[in-house]
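The structure is given below, and queries will be raised subsequently.
As written, the chain order gives the labels A, B, C and D, with residue 1 at the start of each chain.
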Amino acid sequence: MYKDDTFFLSDAFAADTGIELLDVSPGKAKVMMEIADRHKNSHGTVHGGAIFTLADAAFAAASNSHGIPAAAINASISYMKSASSGVLYAEAEEFSQNPKLAVYNVHVTDGNGGKIALFQGMVYRKTPRR
Amino acid sequence: MYKDDTFFLSDAFAADTGIELLDVSPGKAKVMMEIADRHKNSHGTVHGGAIFTLADAAFAAASNSHGIPAAAINASISYMKSASSGVLYAEAEEFSQNPKLAVYNVHVTDGNGGKIALFQGMVYRKTPRR
Amino acid sequence: MYKDDTFFLSDAFAADTGIELLDVSPGKAKVMMEIADRHKNSHGTVHGGAIFTLADAAFAAASNSHGIPAAAINASISYMKSASSGVLYAEAEEFSQNPKLAVYNVHVTDGNGGKIALFQGMVYRKTPRR
Amino acid sequence: MYKDDTFFLSDAFAADTGIELLDVSPGKAKVMMEIADRHKNSHGTVHGGAIFTLADAAFAAASNSHGIPAAAINASISYMKSASSGVLYAEAEEFSQNPKLAVYNVHVTDGNGGKIALFQGMVYRKTPRR
């Protein structure tokens, strides 16, 4: 039910924000976004909400990659560098999982490998009871 | 230059996401968003990125309310309840500020006062040197 | 089993760190710590770990105040002001709870009401099934 | 002045908590702690404050490894597994730095490689002006 592509393709907000899924495998995912004017904030750089949404999309794809529905319960993001043109990538990697919880690290980088943001997210996993 | 309305009105991503500014005063701000299908995730509820962006818009308006440019450097969000229709509100309130940093609490609630998410954000303030 | 005082009194690390419980009621708690040299870091101010532990003690007391065991799963802290003498207080207040999760805000202040740190924590609640 | 060992050795709270520095190099650090009863919480497992302090010690050593004083301004921690005996390790690694800010990831593991907690921290760097 939570097959990777189907899962991502049904994510309306990620699609609306212009996010594309590049890769997904158990516990990992990579997404990208081409920066457009509509992604910008009042300072003229990519909005923190757009960067968060990009990281969150990688986190959602990675955390739902095991076939068990996973709902985000917590996330933290640290912004290191602003971006204003080109592409942004977000790569999520699982730190650890147990039947109820899982935690992911997500790196957001630009097209030149510049470190834009570091994101950490936790999901609640709806592991079925036997 | 960072007058409240002008600041918010130039936020392209907040506008694109359908966020409206309801109120802003020194250190405080309130915004709202009418939930639409485009805000949803693969689970059919409002996307964590959309909820974060709503909270972030209140945080940006509050932190830039003092007339000194403030750039978000860190944010954390805890999601408590999903939402799928109606409106969402985010209210930001300053916890503390110093010349370089300021911290804000943001409460995200639904139209019935239900607690959707708790957000905490820190900005770096570009206070001019004398 | 999780009566307030008994719960706090069995917290060895909080006791070892010199933290005292001042008050606890459903969803709320207040603790204090008299600053000593052993609480300091290499910069000569109270260690981030000691400030976190103080906030965490208030969070633990508040989140276990309902009689249901609550285990911390996530916390974020923003430091605004250093402290080097006198007392520190931490006050926890519940933002929201559901059968599985609860979220708390904790304010850390000094003896003059100065804002030292803002803490946000989430617990997993072991609500018994019927 | 911020030579690695000297810096760590002057950290009273880390010493008081029983934390030892294993290794430090530019942008990285590893510390350990032997679990004792005084580190425990009311649930009989290692206190979140002790785990945070361990991670924070690695973060402080790594962030001060460049010879520029770095003060923690923000940290987030996600707890995945409780621990009650043996040793705990924390390894910090720099994600990115600029003249004012730097961000670190810290992994806390037990003696068997079990993933205990994931920590993310940001410092404000007091880079001298020319």
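Miscellaneous remarks
The working rule: a contact is a pair of C-beta atoms (placed from the backbone, for glycine too) under 8 Å apart; a residue touches a chain by one contact, two chains touch by 3 or more.
Fair warning: this is a prediction, and the values are worked out from it, not measured in the lab.
More contacting C-beta pairs link the chains of A-D than the other of the two pairs A-D and A-C.
For C-D, the matching interface among the pairs A-B, B-D or B-C, defined by over half of the contact pairs being the same residue numbers, is A-B. Rounded to a whole number, the gap between the C-alpha centres of subunit A and subunit C is 31 angstrom.
Between the Cα centres of subunit A and subunit B there is a gap of 20 Å. Separating the CA-averaged centres of subunit A and subunit D is a span of 26 Å.
Contact of a single residue of subunit A with at least two other chains is seen at positions 73-74, 76, 78, 101, 122.
Residue ranges of subunit D in contact with subunit C, taken from their complex: 7-8, 10-14, 16-17, 37-43, 46-50, 52-53, 56-57, 60, 64, 69, 71-79, 82. Residues 73-74, 76, 100-101, 122, 124 of subunit B are the ones that touch subunit D when the two sit in their complex. By the touch rule above, subunit B contacts subunit C in their complex via residues 74, 76, 78, 80-81, 95-98, 101, 103, 105, 107, 115, 118, 120, 122.
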